[in-house]
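Next up, some structures in structure tokens.
Both of the next two complexes hold chain A, though its partner changes from chain B to chain C.
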Partner chain A sequence: MAKKLGFLVNIERCIGCHACEISCKSFYQLEPNMRRRRVQELPEDVVGTPVRAFVSTACNHCDDPACKKACPVGAYTKREDGIVVHNQDLCIGCQMCGKACPYSVPMFNPVKKKMDKCSMCYDRLDVGQLPICVEKCPLEAIQIVDYNEVQPANAVSEIPTFADTSITHPTTHFILHKPGKQSRRF
Partner chain B sequence: MLTENFSRRTFLKGSASLSALLGLGVATSQAPKGLIPKAQAKSNGKVEQFYNACPRNCYDTCSIVTTVEDGRITFITGNEKNTYTKGRLCVKGNTYPRVVYSPDRIKYPMRQKGRGSGNWERISWDEAYTIIAKKILAIKKEYGSTLPICLNKYSGNFNILNYATEGMLSSIGYTTRAQGTPCDPAGSDAQGFDMGAPYNNDPEQFLDADYIILWGANPAWTSAHSMYFIEQAKERGTKLVVIDPLITQTASKADEYIQVKASTDGALALGMIRYILDHQLYDKNWVSQNSIGFNEFFSYVKKNITVEWAAEKTGVPKPVIERIAREYATAKPANIWIGFGMQRHVNGGAMVRAIDALAAITGNIGKKGGGVNYIGEETWGFNYSTMGFGAPEGSGGEADRYVNMNNFGAQVLDANDPPIKMMWIACRNPMAQDPEPTVVKKAFDQMDLIVTADLYMNKTVEYSDIVLPVTTPFESVGVNVSYWHYWMNVNEQAIKPLYETKSDLEIAMGLSKKLNQLKPGSCTFPVTGDPLDWVEKEMNDDIKALFNVKSWDDLRKNGGTAKANESITVAWKDLKFRTPSGKYEFYSKTAAEYGHHPLPIFTEEYKAPKEYPIRCMSPHWKFGIHSQFQHQDWLMAIQAHPFLEIHPDLAKKKSIRDQDMVKIINETGYMTLPAKITKMVPADTVVMYEGWWKGVNYTENFTVKALQEDMGEHLKGQRGIAFHDNFVNIEKA
Partner chain C sequence: MHDLPLVIFTVLSQLAIGGFVTLWWFDRKNKTITRSTGLIISCSLVVLGGIAVLVSLFHLGQPFAAYRAILNIKVSWLSREVTFYGGFVGLSVLYTWFWLKDMPARRSLIGGIATIIGAIAIFSSAKIYMIPAIPAWNSVTTMFAFFLTSIILGPLFVGLLLAFRGELSVNISRISIFSLIAAAIVMILYFSSLQSGLPQAVEAARLTTHHFIFWIRLFTFVIAFAILSLSIKNKAMCNAKIYSFVFVLLFISEFLARFQFYETANHL
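== the complex of A and B ==
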């Protein structure tokens, strides 16, 4: 059976440090404003007790990618293992994909005048290496999961701030933050 | 250095294992072009890797692997051979390629016409050395000594070879020195009184702890690699308790978070101690065999401390204090990590002594996975050979003169015999980092010449006469150890220095050469030398034995990183304390000699003045270490400006909405910045994180007074600053 690769983001582990995002920027030598992975702050009452909670997302390598549908030149392909690949050589920089994506993932690179997005480091995966963000997260909060093989018990596909998943069926899943006990000042 | 010199063609055919060695993705023939910048072959395709060491003032002091293609750095990441770094860097470390190739690097020596004018002109190194050397010689002639020359250097780069700056100043004669540390002084003195020295367990031992209390420490932001071990321990069932006035990122991950009123942590520890003593939960054998003064301390607690009092004082409910006390006393081993921020109060040292006492009575000191962990310096036994040349013959004065680094401006202005006329600043940014920046500026105004060696045009450089451009770690040689973990990391030169940058060691040799040209014998610092020889000279038999390495070069060839012998990684394992009695001293005569109570008692916190009722804390920020990193565009793209965290209740009272501009003011200064409304801070406190944001013309220290901590003179020469006893008022701007 074909694979269905997706990110599994452990919000319980994530400390919102952005090392995933910056290691990706460094490895791919992206322009300062280009962000293939983004860390966003969640509402602080997301788990009931107030906490600093973050979620790290990149391309969601959707089952039904809107970027691919919107692209007028066929720059997008979805591999058999589920990875959505954008070919910059074909890209004409029309930005239709960025507008179509419910998660605003594809970004316009004003220097190259092309769109840019996460490739799940498929070239690294193909030689048995992990994507950079997965390998470099100091807390090991990001994993790649073959969702056709495993359905992690506590993983969910929807979190607050994440757009309606029924449109493109993103493969990214999340492990939510477990609230601890708090004794705040009386 | 792992040198793999082969053609790009061979490289593309390379095996997966080779690519793993190099940390690079291999471009397969199917790979669409344009996705893998590294595969876009340049010239002859020479790929090399080097070991580097992150030299910043940070617990984690990482071992780094730097990939260089055709002489240019293409990736910087953690060294997998270091079990603490684990092949990963924090967010700041991941920006290093940008640190090196930043468009903001200072490229050449420059002279400014009019301090703060921005009217800089490029000069040659020879001109810079000549101006500086002539001034040094003129001062020596006019005042009969070099004491009017003041060095302010500290923690911007902890590479052992950077002590060449101190060595260079010593080599011209006796000078004035900014002494002390803004970092840990009160807490280090406290541990010095209790145990003879601050000495922490290996942080990898969080995995061996049954119970962890992070007491005013926020490793999620300040020590991400420690946070990994803590999270691993948590997953294995270790309970994580965080005690902090703020709901920090680390507190957000705790099994239990306890919000303590700032500067009352000592009362909390003493309340727990009272409960533990009352319920016979203390380790009677440990205290009878390994301590002195326990009975006096016990009497003090019985007479003066109740759990009810502690609850009232700290804001922590009595049942919580009792439960935490019981849990902590019965867990074996239980680990406490005291953060530096916790002691940045007028009673900080006394509070650390109280927490130490809690660990001691429960027998948690000297245990693997336990301890009362604060800071340590067991691995710092280098030769410091750059510092050993001494004053030249005929130097006026008898010894260096010290001013407190923590009240630098005022003490420089006070030094009159002779006055201070020239400053050398390196690895430091006092205009941004010191309290009362307006006083620092006044001190600068008194100078005939201010020389600053730095990477970027920061606040201090902007107010200097001459700037000397320095190298990043990747452009020079060195060796680093940590004040937290137990690794030694080699720093190789990965690339040629960019532009006209030089290391502090090269600057020392260059200035000495010029001084000796102008006046032979005026500087004892060597005028030439290979940095590789210098770094090798740092290694002595003891340190080689401790790390089981033959030489710096041997370590360079064998992984670039080595861990100290495990005999030293459990602090006080032999229970031989470095106090006068050789025991743990609940009763410290040394403390009394320094004017403190001999026992770990509670001393009162600083009270808010009526007109400034709101505490403003300035803890460390995740995108910076002091004034480093946050100003880089990679991080500015994520967070473009400072902000003030305000509790919704306080915000409501002041009619402030999220993102409103807020004026924060007290008798020292004021600034205006956007509000972030959040429950992460209590209603009587606002928080402004420490850092230097590019294009922002103020820092968190604008309202900070040079208010002293209670301790610091014993081990650090000077008391520190109570940064978190800063009281302000706020209003909607």
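== the complex of A and C ==
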């Protein structure tokens, strides 16, 4: 069976240090104001009892990617392993993919005048390396999971601030704080 | 402001398609339009349609690669819009050629095909925006609004040119009043669907109505409606000057409505 690779983001572990976001930005030499991964603070009542929680999100490499359906030049492909890849050589910069993605993931690169988004570092994965964000997170809060193989315990696909998952069926899953439990900080 | 080329493209392309269908229909039914008048109207519609294409290129990061936009026609509505609108412009040039050569039968056939292709282009254009990621757009009112721009502006444009040439034999005011009534109903439906929709849609309604642009749009619409209502029964008012004035009012109204459509589009 083909793979279904997706991010597993452990919100309970994340301390909001932005290392994933910045290491990705630095590795891909993105222009100012551009990000392929974003860290945001979640509402305090995300699990019912008050917690200080952060979530790191990037492209969700959706099962039914809206970006792919919107693109007039066919710049998006979904690989056998589930990664949604954007081919910048084909892109004409119409920005329709950015409008269609419920997570506003594709961003316009004002210098190249083309769109840009997370590729799950597929070229690194192909040679047995981890994506930059996964490698650089000091708390090991981001993992790549083959969701056709494993369904991690306690993982949820929906969290507050995350758009309706029935639209594109994102593969990203999250592990939330256990209600009433102080989160561990390294 | 960033979507301004799209505002201009959608309004002009819909005007060109609506005008084209009107000219084709009047020519088929009444056969009273002279060659020179038909040629003038057809040429002006081709120019408007061409300007729409040129302006749309300013929206692209890579305008010289725009031709690639037809590659994903199997799944992308944007690709379909580009293909069908491109086809429409090509056919309207051919239609103009048949006016020049005064070949009514061929003109009628090509005009019929271009009408269908033009309607598919507007349909595709509306489908581009009916996406769940932008709740204010994701409704059938987007489809109605796009077709209505065409039906409001197209016949009036052709009507005023015919009036200038002294060849107007159809009551344009009647056609326009019906389209304005339909537009008013769609406007009410649009705002009620926004108000009962997701928070982003409610916010889009608030942003729209809390801006002076909305009131200018409404004012021009109402004044145009009043003038057209008066002109239905008063033949003396059905002249080029009145139709030009009403056309300008409605063009401003539709343009501002489309401007707000893009400006208030809140993402999920």
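Here is the rule we use: the second predicted complex is superposed on the first by the 178 of 186 C-alpha atoms of A that agree within 3 Å, B and C clash if a C-alpha of one lies under 4 Å from a C-alpha of the other, contacts with A are read in each partner's own complex, and residues count from 1 in each chain.
We adopt the following convention: contacts are C-beta pairs under 8 Å (C-beta built on N, C-alpha and C of every residue); 3 or more make two chains touch, one makes a residue touch a chain.
Since this is a predicted model, take the numbers as computed values, not measurements.
Superposition of the two structures on chain A leaves chain B and chain C fitting side by side, clash-free. Touch criterion met: A:66 reaches chain C, while chain B stays clear of it. Applying the stated contact rule after C-alpha superposition, one finds that A:102 touches chain C and leaves chain B untouched. Legend: residue contacts after superposition of the two complexes on their common chain; A:13 is shown touching chain B, with no touch to chain C.
In the superposed model, A:151 lies in contact with neither chain B nor chain C.
Of the two partner chains, chain C is the only one touched by A:167; chain B is not. By the document's definition of touching, of the two partners only chain B reaches A:139; chain C does not.
Touch counts on chain A: comparing chain C and chain B, the chain ahead is B. Across the superposed structures, the minimum distance from chain B to chain C, using CA atoms, reads 15 Å. In the superposition on chain A, no chain A position is in contact with chain B in one complex as well as with chain C in the other.
Across the complex, chain C meets chain A through its residues 59-62, 65-66, 68-72, 75-79, 82, 128, 131-134, 265, 267-268. Residue ranges on chain B touching chain A, taken from their complex, read 16, 19-20, 25-28, 31-38, 74-78, 86-91, 94-98, 220-221, 224-225, 227-228, 231, 247-261, 315-317, 320, 622-623, 633-635, 637-638, 678-680, 682.
The touching residues of chain A, when paired with chain C in their complex, are 66, 68-74, 90-96, 99-104, 108, 112-114, 163-164, 167. Those residues of chain A that touch chain B in the shared complex are 12-13, 15-19, 21-23, 25-29, 32-33, 35, 39, 44-45, 50-53, 85, 87-89, 119, 121, 123-124, 126-129, 135-140, 177, 180-186.
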